[in-house]
Amino acid sequence: MVKKTSKKWGLPPGTLVHIGEKKAEEVRITVIDYDETHFDERRVETIAECFPFRDEPTVTWVNIDGLHRADIIEALGNHYGLHPLVMEDLMSTGQRPKMEDYESYIFIVLRMLSYDEDKRVVTDEQVSLILGSNFVFSFQEKQGDIFDPVRERIRNGKGRMRKMGPDYLTYALIDSVVDYYFIILERLGEDIGLLEDELVRNPTIETLQSIHNLKREMIFLRRSVWPLREVISRLERGESTLFKQATMVYLRDVYDHTIQVIDTVESLRDMVSGMLDTYLSSISNRMNEVMKTLTIIATIFIPLSFVAGLYGMNFINIPELQLPWGYFMALSIMAAIALGMLAYFKRKRWF
Amino acid sequence: MVKKTSKKWGLPPGTLVHIGEKKAEEVRITVIDYDETHFDERRVETIAECFPFRDEPTVTWVNIDGLHRADIIEALGNHYGLHPLVMEDLMSTGQRPKMEDYESYIFIVLRMLSYDEDKRVVTDEQVSLILGSNFVFSFQEKQGDIFDPVRERIRNGKGRMRKMGPDYLTYALIDSVVDYYFIILERLGEDIGLLEDELVRNPTIETLQSIHNLKREMIFLRRSVWPLREVISRLERGESTLFKQATMVYLRDVYDHTIQVIDTVESLRDMVSGMLDTYLSSISNRMNEVMKTLTIIATIFIPLSFVAGLYGMNFINIPELQLPWGYFMALSIMAAIALGMLAYFKRKRWF
Amino acid sequence: MVKKTSKKWGLPPGTLVHIGEKKAEEVRITVIDYDETHFDERRVETIAECFPFRDEPTVTWVNIDGLHRADIIEALGNHYGLHPLVMEDLMSTGQRPKMEDYESYIFIVLRMLSYDEDKRVVTDEQVSLILGSNFVFSFQEKQGDIFDPVRERIRNGKGRMRKMGPDYLTYALIDSVVDYYFIILERLGEDIGLLEDELVRNPTIETLQSIHNLKREMIFLRRSVWPLREVISRLERGESTLFKQATMVYLRDVYDHTIQVIDTVESLRDMVSGMLDTYLSSISNRMNEVMKTLTIIATIFIPLSFVAGLYGMNFINIPELQLPWGYFMALSIMAAIALGMLAYFKRKRWF
Amino acid sequence: MVKKTSKKWGLPPGTLVHIGEKKAEEVRITVIDYDETHFDERRVETIAECFPFRDEPTVTWVNIDGLHRADIIEALGNHYGLHPLVMEDLMSTGQRPKMEDYESYIFIVLRMLSYDEDKRVVTDEQVSLILGSNFVFSFQEKQGDIFDPVRERIRNGKGRMRKMGPDYLTYALIDSVVDYYFIILERLGEDIGLLEDELVRNPTIETLQSIHNLKREMIFLRRSVWPLREVISRLERGESTLFKQATMVYLRDVYDHTIQVIDTVESLRDMVSGMLDTYLSSISNRMNEVMKTLTIIATIFIPLSFVAGLYGMNFINIPELQLPWGYFMALSIMAAIALGMLAYFKRKRWF
Amino acid sequence: MVKKTSKKWGLPPGTLVHIGEKKAEEVRITVIDYDETHFDERRVETIAECFPFRDEPTVTWVNIDGLHRADIIEALGNHYGLHPLVMEDLMSTGQRPKMEDYESYIFIVLRMLSYDEDKRVVTDEQVSLILGSNFVFSFQEKQGDIFDPVRERIRNGKGRMRKMGPDYLTYALIDSVVDYYFIILERLGEDIGLLEDELVRNPTIETLQSIHNLKREMIFLRRSVWPLREVISRLERGESTLFKQATMVYLRDVYDHTIQVIDTVESLRDMVSGMLDTYLSSISNRMNEVMKTLTIIATIFIPLSFVAGLYGMNFINIPELQLPWGYFMALSIMAAIALGMLAYFKRKRWF
């Protein structure tokens, strides 16, 4: 939950230090340059190969996977006039979602979530976007396929994508990230469904552990989603002129999706809390049943043992002991006591 | 709680995919066209039959039951100039209530609740409304009778309905949905009443299950009602010019009803929470009673058994054993111990 | 908690249907007409007898007890030009407090509380007020004496009452309702005091029931008082021109009282929650004491019984059994065990 | 918590009735009249002796201890043109802190807290202030020494006090009341410290009672402090022209103190809640220890007693009984069972 | 939690009294004077040595460690025209973070946190900053090394530090304090990690104590961080003209960090709450396991002992006793009972 930021303490603002786990071995840079009629996609080795696109009127999308190389970030930043604080934030992967308007460009930070099927946990990654008048930069911690559908839509050239500007591309990237949340929520919804079955069938201490894990995932999700809502709300309110009017309605749509995600997260949270209560009551209920049954058994035998003990005494004069049918009488008395107690417990509905 | 939206991931915005359970077999389209003097109602087979009404000055109400046919939605949307995102939302049945103003028309999404008497659960359905200058479109997931009273009022031509425009019709449809919430609340109120009786008479683990189910219904209701309030509040504040001044007072009335629904939901929630507490205390109280009684019985007999055991020992010289009245003395001692303990417990008010 | 509103479902807005329990047998109408010099009070049989006052410059106060007669409400409403929705709300007794400004008149709904001494519960009733330029209408569900002091002040003609207009009369009526809340709170405060004593002296399952009932009363009060605050706040902010400047300071005073009521309700709620905690801890504490004592008794006798059992064995060669003082030795051992255990438990502070 | 206000019900607004406990036997009036060069302090018998100061340009401070004499309040109020509602509020000692601006004067109500060392509870008292253009009236329920330092500062004539106007005097009085809260908080802080020690050393049911009492004190404090914050905030925002610019910075200072008091109250509340949790866990932990130990003892002896019982049976042919070393064998078996169980329990870390 | 402020009660505002623990023996004053080309750093003995810098155009940073000497604060304050309330606040070390704009200078109070490795607790210290047109004063309770990196950056003259004015220096000091919070959070994060391990492996009552301590640290942190957010937000909104436009973007950066700190604190709080729940369930689970096992053992032996007692009775005619294989039959019956009960418990999944 807490990223190692201590290595940055005391350094002047704008110092480029990579914060967070290094998730990619090498940095991978791809450039897509397009307008309605033109399309060019290439993978470049050095960031400098992107610079010529700067003065073209076409839309240039530079995607960088891997954030640990300060030299790349710095070269890009200096060429495009990014503020040192923006460069610093690009490399500090513990940012919360935010949007900063630097007039000639907008800097947007998002959290991308993914579900690790092996460990069955939700992991997250920082995705940063920079939108300028004719370019979009996207930064991911490691190579991923979340932006592939967007690439495909640019390639095949159908629909609105190629007709609209870099603001629409930025919207499409944000939309990919937000829509992916629904897939995570579906996955968590399934986990909750399985847990609920388990809770009814056979709750164990592991069930409790799973509930607590789910609860933690929910805290995790909320941290990513709540600030995202504010980011998109600010974009949608038209705070920046880089987003054109025609894109606004799409931003409103992605804002709606964010609200829906928040709503679902909150409902799931409520459900998980309810499951915790159910778990605790069902465990306590079961324990009570066990203890009650055992105590009833013990309670029935204790008076019987007393009667047996009574006639095990060695007094010289115990008249009952001399009766030929004394033993059978004692057995009958014991049976009567046992049945009487059972009847009483039954009537009291103790079992 | 989480709709399967993963099949839409990566598709461009405005793609028409039906999200949610398919609740109707075939799509049913009915058209009502009216003004103060004129009335025409018909069921049409193809959506194109509705298009001629577009240029008439009369109010046209097109009701579509069943949302899984993208071609119908698309034909209607294209003819009336609906935004692709609106068409997309019409078919994604997991929307939360919202209102979007597209200037020439307003798009409203509501959640309609109904009570499934068999499964004793509240189910919900998406109802969308589109209000234009001379038309209202309503979309339901399956055929229902919730709008029948509105139809009846148009047919018989009395009252305000025929005199006022499509905004009043939209109000009447919203009002039908909101008023139906009260019927759901009454139904849940009865369930709560029954449960409270059960809680007093004989609480079981099933009672707990029912309480948890009710709690979940409440979460469900809140999700539908809270955003609805904002929707109606925005309409009532006059954000759109499609609602005329004369209709505003009716919107205020339905807003009041929404507040009342929220109020009642919150009160019921409080009551259900209280019931959970009562359940837990009463179960624990009962368990305590059982354990206490049984422990008291055991505790009384344990010293008696000890006395019996004492005189069951085989030492050669136990003087009491030789007394002819030793056995009766032992019995008296036992009786005294038992009575003494009972008196002590009684005085301590342990039973 | 949920009023039967289902019978209104599907009816057009403005339909006059009485919702709620019918609390009065017949409708009782009284008229008071006054100005600084003139005073006229009468009980009328038909509502039409009030109509002549409409065009007089004097203040006319019409009080109607009993809301189940749609014809009376309708006649009055039509003559004075009330909106159909106002007439509908007058007869639906489940309204939450609200204020609606119809420019030529203001419609105010309040909840009047009373304490039913027999059932020891708080009941409520809807009180509606309509303030026009020279009239005030008040509607109660049944005849009550809450407005008697106001009537008395008009009759005796002293003080401000007769000098000021219908807005001051409206204030006086609201003030009567709000001030009565303090009497309810005093009554509940006494109940809480009694319960606290009971909680200390001898808490039973009935105490728990009473605490839960009090909690529910609090929910009830909050529902009446919180919206009332907003109503009076809106009046006090001068939203309507029907309230003159001179009356404002009195509205501020009644607003202060409302805040005080809310404050007290919240404090009482906190106290009742604290009582619930106290109850649960004290019950659990008591149960623990019982179980501990009984378990200690059992635990002391179990080793003693074991020693007795040991010397009750029938082995041919048990040397101790042959000792003449063996029995007394065994008794001493038992006493030593018992005392040792008691000392140990004492040192551990187990009792 | 609830003052007896029922005796005021139905009376017209502005009726002077003393609400609350009568804390002073007789009313004590003192007047201090001063400006930079002049100083006059006297105790007066009748309120009329203060009236001549009204037309002097000097600052007049009239302090009245004891609020039960309606005639005094009325004489003062009528002479200085106070609104009847102000006079009414002066005598109703259950007011929450508030500030009312009557243009020619400001009416301020505060709650003064004091710590009753005998009963170890916090008590409160209503302090009202009226600030006019050249006078300040202060009203206390009983004679107290909280304003003595202010008097002293006026008397010795050093510092700002004599140079500045009645608004600064009002500030100084408010400041005295607020600063006294810190002393109360210190006192409660000490109580909490003692309780925490007790909680660690030896928690009893009395500890629980004390925690609940502290919790109630906190509710009490919050009720006094939260509205106070709003009062001072309104004064500081310069809503009234009676406070001059030079005094504003001092009001901001006392506002800061109020925030600090609220902050501390909230922290203490959190701590007290934590203590309650600690108490409950520690009690339950202790109980568990006792029960576990006792149950382990019982469980070890039950199988031993069974073996003893086995060889106490009277069958004619029990081979072990005939062995000369049978008894010792039985003893060994018993010891083995006991040691085996102890080892098992130890390994399971049950004690 | 509550500082000893009672010694200040009754004193006039602006009285210089040191509140809080005296943490430094002597007061240490250092002066750094610089602009882009010039640099001068010295340690001074008397505060008067700083005064000549007042009229220089260079930036002067005076750092004072130790706040208990009223004469130093007073001399500085009088020379630079600080308000008496500012001087008072400098010496009262219990202030919450705040920002006060006195037009010619800004007064900022922060709480600096540090982690005491010995006692494993978070301690805090008041850091005050005063920013004027060409000077910055910083006040710490004791000498610390938190500002050393800032000094170093001024000394080596690289980067922005020397080029920008005193507002940037103020930002750098605030940034040092806020960045240090992350180090504290990392440290607490590690503690939480260790505790979670302990919770899984072997939870004891000490674990509970540690969880409660962590919870208290969180309350502590929140008190420092939440008001800080408002302070920086006000600075960032440009309320004061002393902060130049170029510094604003840096303030926004430190604001972001504050939000991140708050976010992390809230997440850690949630985690600690979850740990408490886990602790309680795991303790209760363990206790249940112990009790269940012991009760099962006892329950199995009780019927066996009863059979043994039965045949230990001394009736003259117990036919079974005379059978040569009677003993073995009894043993078989006992074994059958024991096995039957075990099988039953197993099937019921009681162990």
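Things to note:
Letters A, B, C, D and E mark the chains as written, and numbering starts fresh at 1 in each.
Please note the rule applied: a residue touches a chain if its C-beta (ideal position, glycine included) is under 8 Å from a C-beta of that chain, and two chains touch if they have at least 3 such contacts.
Note that the coordinates shown come from a computational prediction; the quantities given were computed from them, not determined experimentally.
Touching chain B and chain E at once are the following chains: A.
Listing every chain that touches chain A and chain E alike gives an empty result.
Of all residue numbers used at the contact between chain B and chain C, under half are used by both chains, marking a mostly different-residue interface. Summary of the copy comparison: rotating chain C onto chain D for the best CA superposition needs 70 degrees, to the nearest 5.
Distance between chain D and chain E, defined via averaged C-alpha coordinates, is recorded as 26 Å. Look at where the CA atoms of chain C average out and do the same for chain E: the two points lie 43 Å apart.
For chain E, the set of residues that touch two or more other chains comprises 291, 295, 298, 302, 305, 309, 312-314, 318.
In terms of inter-chain touching, the protein chains here make up one closed cycle, each touching precisely two others.
Ring order of the chains (start chain A, then chain E) is A, E, D, C, B.
On the side of chain C, the complex with chain B involves touching residues 1-2, 4-6, 8-13, 83, 85, 94-96, 98, 100, 205, 208, 212, 215-216, 219, 223, 276, 280, 283, 287, 290-291, 294-295, 297-298, 301-302, 304-305, 308-309, 311-314, 318, 320-327, 330.
Taken in their complex, chain B has these residues touching chain C: 148-149, 153, 159-161, 172, 175-176, 179-180, 182-183, 185-186, 188-189, 249-250, 252-253, 256, 259-260, 263-264, 267-268, 270-271, 274, 277-278, 281-282, 285, 288, 291-292, 295-296, 298-299, 302-303, 305-306, 309-310, 312-319, 348, 350.
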